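Chain lettering (A, B, C, D, E and F) follows the sequence in which the chains are written, and residue indices restart at 1 in each chain.
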Amino acid sequence: MPRLTEYKDMAPRAKAVVDGIAQARGIDPAAINNVWKALARDPAVMEQFAAEMKAAFAPGTLDPLTKELIYLAVSITNQCEYCIASHGAMARARGMTGEMHAEFMAVVLAAQKGNKIAMGYRVPVDAAFEEK
Amino acid sequence: MPRLTEYKDMAPRAKAVVDGIAQARGIDPAAINNVWKALARDPAVMEQFAAEMKAAFAPGTLDPLTKELIYLAVSITNQCEYCIASHGAMARARGMTGEMHAEFMAVVLAAQKGNKIAMGYRVPVDAAFEEK
Amino acid sequence: MPRLTEYKDMAPRAKAVVDGIAQARGIDPAAINNVWKALARDPAVMEQFAAEMKAAFAPGTLDPLTKELIYLAVSITNQCEYCIASHGAMARARGMTGEMHAEFMAVVLAAQKGNKIAMGYRVPVDAAFEEK
Amino acid sequence: MPRLTEYKDMAPRAKAVVDGIAQARGIDPAAINNVWKALARDPAVMEQFAAEMKAAFAPGTLDPLTKELIYLAVSITNQCEYCIASHGAMARARGMTGEMHAEFMAVVLAAQKGNKIAMGYRVPVDAAFEEK
Amino acid sequence: MPRLTEYKDMAPRAKAVVDGIAQARGIDPAAINNVWKALARDPAVMEQFAAEMKAAFAPGTLDPLTKELIYLAVSITNQCEYCIASHGAMARARGMTGEMHAEFMAVVLAAQKGNKIAMGYRVPVDAAFEEK
Amino acid sequence: MPRLTEYKDMAPRAKAVVDGIAQARGIDPAAINNVWKALARDPAVMEQFAAEMKAAFAPGTLDPLTKELIYLAVSITNQCEYCIASHGAMARARGMTGEMHAEFMAVVLAAQKGNKIAMGYRVPVDAAFEEK
C-alpha cells in the first residue's frame, strides 16, 4: 500500500471523514491535506483525530489565532516539520503577521531555555506556585 | 555549594539581576523565585536569561496572557515540572480562567497527537503549505 | 568520507559485522541496510550495536512481532523516520496486519496523550502502583 | 483549587466519567487513580481521554498485555514517571513476568540507541523499506 | 516570503548581523549559512541568537573543540539534522578525528541508555551526589 | 519486589557486576549507586549497561572530563534528573570548576536554541556541511 491514499481511492469510512472536513473548510475533498491521505488506511484513528481536532478548535474563550499559536508552539518543541509547515500556514491565514511571528519565536525560544535551566540546575518548585 | 543561593548570600552580579526583576515585579528581592536562586552560581547565564525573558515578554503585538500560554505549551511538551508550575501560576495571574485552561489543554493534547501522527505515518509536507 | 560506506569498501572489522548480519538474515552482504553502511566508519560502535540488537531480539518469552511493535513504539515517540520505516517494514514482515497497525497506533497515541496529561496536570504517583 | 479533586467533591460530569471507569474495573469510585482526580477540573478533556483509552484497550487483534507493553514503551521514551508507575503496575497485573520485563527493557533500550544512531549518522531511508 | 533570504535581499538590521559573523569567520557575507538566511525575517531573534552564540563560544576555560562536542551531543539528543550537519562540520574543522568521533558517539549512546534506565526503573537520586 | 535491591540481597549474577564496578572505583560494594540497585532485577540489562559504560569511559583520545561533559549534556537535554545529579557529581570529581560549569551551560543552552531555530524555521542543510 502506498503511503498516501487519494480521496477517490479511499474506503467509504475514510471518505466520510474527508467529506466532513472539506465541507467545513469549503474545499474540494480531492484537495485534502496529506495527513488525511496518510490516515486513510486506519479509519478509526482518522475519525478519532478528526473529532479531537474539531473539538479543540471549536469556538470558545480562546480565539482561533491563539489556538494556532499554541499548536505551533507544541509542534516546534516536538520538532515535527509537517505540523510546523501546516499550522504555520494556518496561523498566517488566521492573521499572524511577521511581527507576531518574531514575538512568538522569542517566547518559544525563551521557554526552551527556561525548561532546560530548570532541569539542568534541578530547581525545586516554589511553594508560592501551588494553587490553594 | 548548596543548590540554591539565598539573595543575601549572592555575589553582587547576581544580586543586581535579582534587584532588576524584583523592582519590575514590585516584590522583595528576598522573595525571588527558586530559578534565580539556582542560577546565582553562574551569573553570566543568569544575566543572559533575565535579558532574554525581559525581551520576550516586553509589550508587543501579542498580549501577555497569549505569551504565557505559548510558554506553558512549550513547558508541557518538554515536560518541565518547574516551568509548568511557575508559568501556570503566571497564566492564572494574567487572567487564565478554568474554561481557558480546559481549551488550552485540548489544543496542546491535539497537537501532541497531530505531531506523532505526522511522524508515525511519515506524512510529506503539502506544497500548499509553503510560503510564496 | 562519504556518509555511507558500501560493503566492498568497508574495513575488515566492519565487514565482519555485516557478514554476521547477512548470514543470520540469509541476504547478500552487499544488500545490507544503510544504518550499517553509516556505522562502518566507527567499527566499535557498530559491533556494540549489532551485539545489542542480536541479544534484544534473541528468542525469549516475548514473541518477535511484539518486540518489533515495542521497537516501533519507541521510534515513533522519538520521531526517528529511519527507524519507523525500517521497523515498520520488519513488523509487516513478521505478520503485522493493517488491523493490528490501527490498534497499535491507537495505543501509541493514547499513551502520548496520557504522558502529557500526567505532566501537564502534575499528577502524583498513586501509592497503589508501587511494588511491595 | 487543589491539584486533586476527590470523587465526593467532583462535578456531576466528572463523577460520571469516574463511575464508568470504576464499574468497568469493579472498584469503588472513591479509589480512582490520581490522574482522574487531576483531570476532574477539565471535564471535557477528561471525557475525551476516557473514551480514547477505552477504545485503545478494547478487545481486538492485539492482546491486552501487548498493548500495555506498547503503552509502557512510549511512557519510558517520554520519561513520564506517573505513566511508567501506573502502566508498569497494569502490565504486571496482566501477566508481565520478571523475565518479560528484562526482555522488554532490552528492546526499549536497543531502540533508543538505534534511534539516536540513525539521527547521529544521518542515515537515509533504504528504498527497500517503502511499501509498494 | 520564501524561507531563505539571500544576503543581498536582507534588511539592514539582518545584514549587520551577517556582516559581524562573516568578518569574524573571514568569509564573504553572501556565503553565510542557511540558518542566518532563515532568521533574517526576524531580526530581533537573529541578533539575540548571534550574541548568544558569540558569548558561548568566546575563549574561556573549555577549549573550542570541547564546546563543539557539547553542542553536537545536544543536537544528536534533540535529533536536529541541520545542527548535526553544521556542528559536525565545525567539530571536524576544529580537529575532531575519526577516532574521537567514535569515542564521542560511544559516550552519547551510553548516556542515552543511562537516561532511559534511570527513568524506566524510576531510580531515586543518591544522597552522595548532592553538593554540600 | 521493592524498587531497589541492596547488595547483600542481590543474585550472584548482579553481585558480580557490582563487584567489578566497586573494585574499579575502590569502594565498598554495599555503597554502590542506586542505578545498580535498581538494575539488579534484570541482570542481563545490568551486565550490558556496565560493559557499555566501561567501554565508553575507557582511556582514549578524549579525556575523562570531556566525556563527563558530553554525558551531562545529553542528560540535561533528555531532562534526566538522576543522570544530571550523578554525572554532575562525577564531572566535579574530575575537575569541573564553577567557571567551566558556567561555560558548559552557556553552550548547552545555545545548542538548545540553535536546535529549535533550525526546526522552527525549517532550515535546509547547507551543501558545504557535507563530507566529501
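Heads up, the rule we're going with is that a contact is a pair of C-beta atoms (placed from the backbone, for glycine too) under 8 Å apart; a residue touches a chain by one contact, two chains touch by 3 or more.
The shown structure was predicted, so the numbers you read here are calculated from the model rather than taken from an experiment.
The chain with its Cα centroid farthest from the Cα centroid of chain F is A. Comparing the CA-atom centres of all chains against that of chain C, the greatest distance is found for B. Different-residue interface: chain B and chain D share under half of the residue numbers found at their contact. Distance from the chain D centre to the chain F centre is 27 Å, each centre being the mean of its Cα atoms.
Centre-to-centre spacing of chain C and chain F amounts to 22 Å, using the average Cα coordinate of each chain. Residue numbers of chain B whose C-beta contacts span two or more other chains: 1, 3, 44-45, 48-49, 52, 55, 76-81, 85, 105-106, 108-109, 112-113, 115, 117, 119, 122, 130-131.
Interface residues of chain B, counted against chain D in their complex, comprise 79, 98, 101-102, 105-106, 109.
Of all residues in chain F, only 76-77, 79, 81, 84-85, 105, 108-109, 112-113, 115-117, 119-120, 122 touch chain A in the complex they form.
For chain E in complex with chain A, the residues that touch the partner chain are 1, 41-45, 48-49, 78-80.
Within the complex formed with chain F, the residues of chain E that make contact are 3-4, 33-35, 38-39, 45, 49, 52-53, 55-57, 60-62, 66-67, 69-71, 73-78, 80-83, 85-89, 92, 97, 99-100, 103-104, 106-115, 117-119, 121-126, 128-131.
For chain D in complex with chain A, the touching residues are 1-3, 44, 48, 52, 55, 130-132.
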